[in-house]
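Here's the structure we're looking at; comments come further down.
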């Protein structure tokens, strides 16, 4: 009897009753850093995948959906995207996207897990695509919390690319009002703060709504946007926060001009995609309009 | 050691290397009709689910995303949605949505599998929600192919809610140029033909593009739209075809007026959702612009 | 792409890290009785399977390994197997095996779950194979605990075919010194008490050893025996207890004579199989020789 | 929600409808040699496991069941176990068991896959336990087929520890009458040839019976024996072949004497275990008595 070639599987558990099995073609790395479990694998549908603590972080085949969405609305909307700060972002793909914008003169990335950065350079070079060697890149291995407290820079865009603030995650302490206040202090008055902000599926949008509620206390405009990322098996949500600009209402001409000046070609994002991202379905708008708890 | 309560699982196979496991809370029915395997189960996340030939057809928790998307853009755009034809749609939810529109005076539904209709009435009454008893409903158990050939009605909207035209599916013969021509003959000149049209994820959008290419030979306006349906684990695509109206460009005022006249409240669809549905990401627009084969 | 025919799976969990997936060909019944979850399914390898609370109870293809092993060593060794008592045994296969012995003039079976008995009659007639209609059969739906306390019969063989005494199982209260004492009171002085007695695999033989230790306080001879039952994915263990006879040392001639008088043909058991069953590997003998706790 | 720690699973496929999932605690190695896919993993229940082409080869927790069974009946029965030949046996555990016998003065092991030998030394040192450094060990990386043809030694015991002769396996050409004849030429007249010989479960004993039928043409005594190896999820079968000695009937005194002279302590095997191994259940004896095809 012919045997399947697939004897090793990556099982992502969404809830104890919902599992996604991916057959593994190759395991490049599986181990533990000081902060988290890390695996780098390859599957037939998604190509190489980075898995942290059993959660898909990004996949070769569709990471551009995620990274273009995190970076470009914020940079297109910022009045001064010359100095950009990335919190997390170990794979280097958020850095890559930011540096495609010629207005960016310096991009600082602070990630606590230097091992993930090194593993990404070694196994996932397609993610950073040379960005770590760009003279405009400043990569700091360290605690974003401490960085935000001690740094005195002012950034035209701050991009938060942290893992979900689950109980055991190294990102957990970064979701608090103190940290949100620190972030705002580092943001230029005309700047935009964009963060990956949990999921927007009908069955798990509560954490996103809590982040939105919290950030409305800090910013005049707090806009939800989301894209379905197949490798995440989820509608992935983001928030764009600013006192100066309503990113959801960014004019088409401005987006077109921004996209045209980027080095290289986009895969996902342009003005039409922007409309999709920021046009929310009824059930999500209703959830976002509800009262509820906030991060303390 | 405490045992999991979940010993029975529904495994949906997307490819031999990508599987989604749903723990089954209850199996209401599992058997075979003359046309296909049918199961009605219940899971914690998605509630009741209808599974045909191992593929999720619809789930209690998010079927409104799918059914509102299939029905309302077409009915909002049609100049005369008084007489509506549904191909397939055995669960009765497409019928339910169509009958929420007070302009609809008759809605004919033709499904080949009477057993699925009966099972849906018995186990999935939430789907039809009384629609089968609406005096405007005309439910025909029979071959849509023969119906289209023999019928002489003219419909302001035709909604195709067939299963995927896979090799063994009863829907397979319904995706051909002959049938598309038959459908057009039954459509009012100012009418809209909307069909569920396979998937739009980056990894499986070829079949959708083939449908779009084929239908462009029949209609002046052929617009793709899609929604992520969590229970399908996919970006589900549709096509809106018309010689009279560009559904993608439907004015907000018209959609607002249409939605306001519906009986009951929408869960998913309104003007803002319409923008989302019809705003396509770059990679999908590129795929749709490519040359390729068509249905013969 | 051709789809697997198997979309429904029975997953038996041995530990949270060891799972066995069986593709389900047909689900005959899945529901809950007053006492437990019950499913009757069919798989390609094992035929029909009875599943109680997510554990395989018996399978058409190899149930004879289990039931011949539970019944025949005890009946072959008993000086007076004319009156037999079965505790549990809802499927009717233990009854069937006991009634194959022409010396048995009455066989009383006490099972608490009448629904399992009825479901077995309906869906698993191969198990009882007419035994429920044998005039020597006396089937009592009721609590074995109460029966043992109130009954005043004397049995030449008592066969305990209860489910594992896990925390939530209806069998749990039946594993106590009080009940063991009640059983002994009902056993003829020359009789044999045989029980299914958990597993004997290297990784889970502690419960078996605990049962053996407990029963050594009640009987002169307490012998472990076991068979690998593929549908259980385990080495399944039993205990043969008697004050009169060392079942492990039963002479070949006696076993041959016993087997020859049975109605019909055995699948698994005879004298050579008896040697296999009662010849224990070193690691199990070492485990059985250890001190440890007992049932109170 | 607390996430399971287990996101990576080893799935052993027995048939397309019977799968065993083992949660992986650690992956030491996963790659491909010139001959086969190799993985070395660790699981909670079985400890370290060697997996070749998706099949479990041996596991730390119960490999002694397999290796003591392959080696000791043959060596106990051989009149002259001073020179031993092992075919296959890359992990080094068959070598280890053979060298525990003080009568063995030389043990030659021929395995085609030097990478498996090296990986075993590195990751599975518990298997060989120093045997590779024993001066009596002669390890030859090479084709057993060529070795058997070209060698002119005479061995008191030949132990075949090859993988299953499946279509794509490197072991496939070694199951032929030519090779069986070559093996017999290398065996001392008073020697014993023992081989792992597929499975003996009720559902897959055909290949074992075919091996037995073929070897009966070469030897006076061909005895089947088997043990349930939990990590294999199967009753694993062996054959002991000799013109001089009926291994199944080996006297207890001889086994006792043999075992007592071994260095170190056995985990599984002694005289009582020998009785278990060679006492076959009825259904297997019936299968072995049937006519059928043979290896050509």
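As written, the chains take the letters A, B, C and D, and residue 1 is the first residue of each chain.
The rule is short, and it goes like this: a residue touches a chain if its C-beta (ideal position, glycine included) is under 8 Å from a C-beta of that chain, and two chains touch if they have at least 3 such contacts.
Keep in mind that this is a model prediction, so the values were computed, not measured.
Student: If each hop has to land on a touching chain, what is the smallest number of hops from subunit A to subunit C?
Tutor: Shortest path length, in steps: 2.
Student: Using the stated contact rule, I'd like to know whether A-B or B-C comes out ahead in C-beta pair count.
Tutor: A-B
Student: Please state whether the interface between subunit C and subunit D is built from the same residues or different ones, using more than half shared residue numbers as the mark of same.
Tutor: same
Student: Cα centroid separation between subunit B and subunit C, in whole Å?
Tutor: Centre-to-centre distance between subunit B and subunit C: 52 Å.
Student: Rounded to the nearest whole Å, what is the centre-to-centre distance of subunit A and subunit B, using the mean of the C-alpha atoms as each centre?
Tutor: Distance between chain centres: 33 Å.
Student: Among all residues of subunit B, which ones touch two or more of the remaining chains?
Tutor: 4, 6, 15-16, 21
Student: For the complex, give me every residue of subunit C touching subunit D.
Tutor: 4, 6, 14-23, 43-46, 61-62, 65, 201-203, 227-228, 230, 233-235, 266-270, 272-273, 275-276, 279-283, 285
Student: Which residues, counting only subunit A, touch subunit D once they are in their complex?
Tutor: Answer in residue numbers: 1-13, 15-16, 21, 24, 26-27, 30, 37, 39, 51, 53-55, 166-167.
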